[in-house]
Amino acid sequence: MTKKLGRKLRLGMVGGGPGAFIGGVHRIAARFDGKFDLVAAALSSNAEKSTSYAAELGIPRSYGSYAEMAEAEAKREDGIDVVAIVTPNDTHYAIAKAFLAAGIHVMCDKPMTTTLEDAVKLADDVERSGLIFGLTHTYSGYPVVRQMRSIVESGLLGKLRMINVEYVQGWLATPLETTGANKQAEWRTDPKRSGPAGCLGDIATHAYHLAYFVSGLDAEFLSCDLSTFVEGRRLDDNVQAMIRYEGGAKASLWSSQIAIGNENNLNLRLYGEKGSLEWNQENPNYARYTPLGEATQILSRGGGQLNAAAARLPAGHPEGYFEAFAQLYDDLAEQITARLEEREPSVTAKLLPTCQDGVKGLRFIEAALASSSKQSAWTPLK
Amino acid sequence: MTKKLGRKLRLGMVGGGPGAFIGGVHRIAARFDGKFDLVAAALSSNAEKSTSYAAELGIPRSYGSYAEMAEAEAKREDGIDVVAIVTPNDTHYAIAKAFLAAGIHVMCDKPMTTTLEDAVKLADDVERSGLIFGLTHTYSGYPVVRQMRSIVESGLLGKLRMINVEYVQGWLATPLETTGANKQAEWRTDPKRSGPAGCLGDIATHAYHLAYFVSGLDAEFLSCDLSTFVEGRRLDDNVQAMIRYEGGAKASLWSSQIAIGNENNLNLRLYGEKGSLEWNQENPNYARYTPLGEATQILSRGGGQLNAAAARLPAGHPEGYFEAFAQLYDDLAEQITARLEEREPSVTAKLLPTCQDGVKGLRFIEAALASSSKQSAWTPLK
Amino acid sequence: MTKKLGRKLRLGMVGGGPGAFIGGVHRIAARFDGKFDLVAAALSSNAEKSTSYAAELGIPRSYGSYAEMAEAEAKREDGIDVVAIVTPNDTHYAIAKAFLAAGIHVMCDKPMTTTLEDAVKLADDVERSGLIFGLTHTYSGYPVVRQMRSIVESGLLGKLRMINVEYVQGWLATPLETTGANKQAEWRTDPKRSGPAGCLGDIATHAYHLAYFVSGLDAEFLSCDLSTFVEGRRLDDNVQAMIRYEGGAKASLWSSQIAIGNENNLNLRLYGEKGSLEWNQENPNYARYTPLGEATQILSRGGGQLNAAAARLPAGHPEGYFEAFAQLYDDLAEQITARLEEREPSVTAKLLPTCQDGVKGLRFIEAALASSSKQSAWTPLK
Amino acid sequence: MTKKLGRKLRLGMVGGGPGAFIGGVHRIAARFDGKFDLVAAALSSNAEKSTSYAAELGIPRSYGSYAEMAEAEAKREDGIDVVAIVTPNDTHYAIAKAFLAAGIHVMCDKPMTTTLEDAVKLADDVERSGLIFGLTHTYSGYPVVRQMRSIVESGLLGKLRMINVEYVQGWLATPLETTGANKQAEWRTDPKRSGPAGCLGDIATHAYHLAYFVSGLDAEFLSCDLSTFVEGRRLDDNVQAMIRYEGGAKASLWSSQIAIGNENNLNLRLYGEKGSLEWNQENPNYARYTPLGEATQILSRGGGQLNAAAARLPAGHPEGYFEAFAQLYDDLAEQITARLEEREPSVTAKLLPTCQDGVKGLRFIEAALASSSKQSAWTPLK
């Protein structure tokens, strides 16, 4: 006999105060499929701001600090099932630790931490807790990306040889962080809040994760050249890397925030012995698939060629970034619900990036920093 | 002193039972920006189905019929502010009439009715009621479409000369309605439920509305050739039309559901004396703008070139169909809230298509049917 | 025993003086594959100009008039095999007639004549003469266009239902012909030199021919609306038409010279019961092919999917307009050579447009003019 | 008083026998603009084959060896002005040396030689001879590529920061060279004929040259990882490199012949402080230009935005690979003609790649081989 939860999941949020970008995205994504109620929050380190913004957003319980929130929610019978952590990178670790200690599942923005050491410790905490920990590598939530993963897994491309992945933006081509008018630019180029990686931690990690997510390949070594092109900037704004995977495949990775004319150009190409796949985030509902010796095909979200599982709309009705993000929340909902209903979650729900992915991301960041500081020497990732 | 509503709006829904497509879209769209609670519904003509599906969706109040629902909700202090009508076309009129009579605002799927006569009557009802009536011509909710409208309005294209609008699909290239496996195909090709227009009413009206929405031009005459290419089909599946607007501009319109290889290809191009604009729904975050004698520009959602008002995400983060649909609900929310708060709604909110747009749509359908039956004679639309 | 010609063909040219556009294109195209020597010409109606320009181009024999040239070349043992007529439209008929009378094959620019009457007479002359007459509908020379023709012929699309063909330019969006600085604009908008059709004769005929060339369908009726959007212009600059083919297929045709932002946008889409094809002249080395129920394929010139017969380069090495034009000269060379060698020409060479295509083109022009003047009445083309 | 040559230039050819690809391309390119007569050749190392093929092609003088040809032509009053060398890479040096010694200008296919040593010696020979030496880096002949060079030179992009250049093909994804059916694959993967570089010498050099040609930047160091993905292949088939230019700009270069789905995908992107440019060889008539903070523009060949100097056709009429190749012959013709007419050649003609470009190419090849063999160590290029 199946147990039925029969209620929405209760979500809390730390961070995401007025003016924050990603907090609002998390809220829309969590609301998308109607499976969460946002019932508690510590939106800002300023208690007053937190309270008034929570009221404005219709969130019933507002706290002055995440510590207080973790403690109080853990005690309530109707306390939150899960917390979304959407604060700057340097605070993720402590916050996550607190909620895990309180027995509350966690959805954490990326990068997971600012050091590999913290990432490893956090992964240990998660394992010990037995709780669910999701990491919002958004781009793995696109239906077409997940189908590319299936195609690779099914062997249609044969053994992979070469990957080319790029995540290229242009919005930091000038010293925007010095204008006083762009908070996003400020914290992203501030080593105190972002850690030692700029473009590397902000977007190159997404590219690195995406290549891993779709190919299933673990990187063994990388050779990296970090640049800071904008004078006075304190962190890297351009990342070039060559990667060697276990089994012989290789990758070129380029990530930049000074490439004028690029908005959010995340582009993935995979080449195997029997075929290839190409995908671009700015036109995310399609992929190009070329079987060896045949014509290139345009795969469309939900078309006969791609299993439609994750798509909410018929092909030709574009889905976008929010839908990808909402997919991760949907995966989270399924994992938590399955646990509460004492059953196995769906296979798809397990695609939600985990703290192990977070550790891989930090390994990538640390290896890239190390390689770049040693004349791009090939540096191990394990 | 500004009055503040301080609560979410209460939404009801008629139609949208299990298996329906557009009902689910309305629910996601209404939830998107967190301004509505779906609190009452008559989801199906089958009362039992309605009740169990409402429970599944977490809708507190379920009714056996729309009439019962209109009556009961009107009496409650916490009755619905607005009802979404997402039933087949032939029932829109009666349902809308009932809710208007009960003093409840209406959000209606398109086409508004199946006859021009009903459309005109409904428009009269709306006017007499003084209530808000929104019509979900989804594509007018795309941020880039709205910016194209602004560009035209601002005079950047000069006097318009020629418009080319297409809405082309391929999913009805075979007699899908006879397979017993596709409800969408069945009611869309059934004159009883869809009225006398097939492709014409289903999608050509969207194309016609979009051209009007962006250009601001009223059509005076059209010459139309309707075809039914799939043998045995009872309604048209291909629409060719030439249109003459007031002031001398012209348009070519092509709409089809038998054009294999097209998913949901809604494409609009406008040519004026000083420039042109092009937009495609399958890549909706961009438009092409060519000023006379200059290079073509790629306008991007929210870029410096397009006022970012309606966009929820920075450029390069794709938005899609749901966001466009949610925009219409956002407009609706703003209009209702403004009224409850006794203030003027925002200018943008007034872009929500109205019952007058519904009347125009039916005029288009009737003129197209008339022209096609008279050897494509030029037929007036007023 | 096969006879071998063992020499290049001798080509003459009428028209193509200094400043002419299409004359130079014919010369490059004729030279492309090394099968012609340009040995005689009457390049201009001004004898002096003719002589000095012929010297500059290294053409050995220059004449003061086409009549003189036809007579003199006919008498020489080493006289020209074929003449290229590249003068304004109104002179094609008389010149062609003269060379046919002199027993010389003809390659004529399009449209063939300015009236249907002349076209029919010329076709009679050609038939009586038994000579080869080629018409340079350039776009039928593209390898991918010819492969689309094969695909249709092979039945891969099934019975055709709908065609959409556009030939859209923007260069005449202003009254360029009144500036005194653009000869091309002047003669193309001058009824005396171009006949009664502007955009219609200049480019819509290409679109019409292309649809016919690829589909193999004969048009039965058309309904047309011609416009002149630029004030003071003496000929149409925008053509909208609906076409009915024998067997039930239909087409929408749009051609314009006022569509700002379009350079030479010739676009053909064909939809049958089993599949579709799409091609665009500005990216001519690829076509899109969608078999019913399968993914869209990108067909590439010379790929395994398209017979490589006509391509001179491996796929990925773009060919363009000159190569397409050169293909027509290659076809002409093969036809003349085959006759001189007393053998059948290759099947491909017979794809060279003929005077019958010219007659069809004039029928289209006359029917479009007639329909447009009678409120777009459906007008027969036969 | 200007001297006028008044005759076509006399061209000879070494290599380009039956079945050769690039020989035929050189012949079409040389004929394109009507400035050369191909009058002498040693088409094959097999004298009989040479003679019969020369006869078939209508080349008056055929020689059994290049040495004989150089000697004989040097003695004739009407001897060749210039020789085209289109043999496999390992023979370029000796042949070029022989013709230079005979006082004959040279047009040489790339890569110039198989070793840097030979390249340097050849450059010395050229300098001593005072003769003209052109190297057919085809892609530098595209009009849009040349305009991109002008745009960079003019400072519109500001100081360059980052370049991304790719030259990616898929035709060698399988061991085609072992099938006995593909000569092109055989010599390209044979170290004896191609030298120590496979994909590196065949196409990566084109990419490297193109980046240099457009940016004007000299590379200082590179870090390279060469791969051979196809089992049994004797040369590299995949090239990844990071490049550092003088002045601080950097580049990522990827070249491959195993990337299924790519035909001849040469793609160049340049990012400066004030703007960016992007170009793709498979759609060569357009470039994307983004000025800092403005919309991306589509630059079109010959449009107002790009100086039309080199284009032979109005925009929208595609030009391709042959036209680019013909441009190099046009440059060569202008340089030789100017010398014979005792005047300065046009500025454009000097864009023809030289033996110095050939030396740079070999430096790139040798540095890449060295870096790859030393764990991708940064290796100087000077």
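So that you can tell them apart, the chains are marked A, B, C and D in the order they are listed, and the count of residues begins at 1 in each.
Going forward, a residue touches a chain if its C-beta (ideal position, glycine included) is under 8 Å from a C-beta of that chain, and two chains touch if they have at least 3 such contacts.
All figures in this text were calculated on a predicted structure; none of them were measured in a lab.
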Greatest centre-to-centre gap (Cα means) from chain D is with chain B
Higher number of C-beta pairs in contact (B-D or B-C) found for B-C
Per the C-alpha means, the centres of chain B and chain C lie apart by a whole-Å value of 44
Dist(centroid_CA(chain C), centroid_CA(chain D)) in Å evaluates to 35
Whole-angstrom distance, CA centroid of chain B to CA centroid of chain D, is 56
Each of the following residues of chain D touches two or more other chains, namely 262, 288, 296, 300
Note: in the complex, chain D contacts chain B through residues 288-289, 293-300, 303-305
So, in the complex, the side of chain B touching chain C is made of residues 161-162, 164, 166, 170, 173-174, 223, 225, 227, 229, 238, 240, 242, 244, 248, 250, 252, 254, 256, 258-262, 269, 271-276, 278, 288, 290-292, 296, 375-378
Seen from chain A, its contact residues with chain B in the complex are 8, 21, 24-25, 27-28, 31-34, 57-58, 169, 171, 262-265, 281-285, 300, 312-323
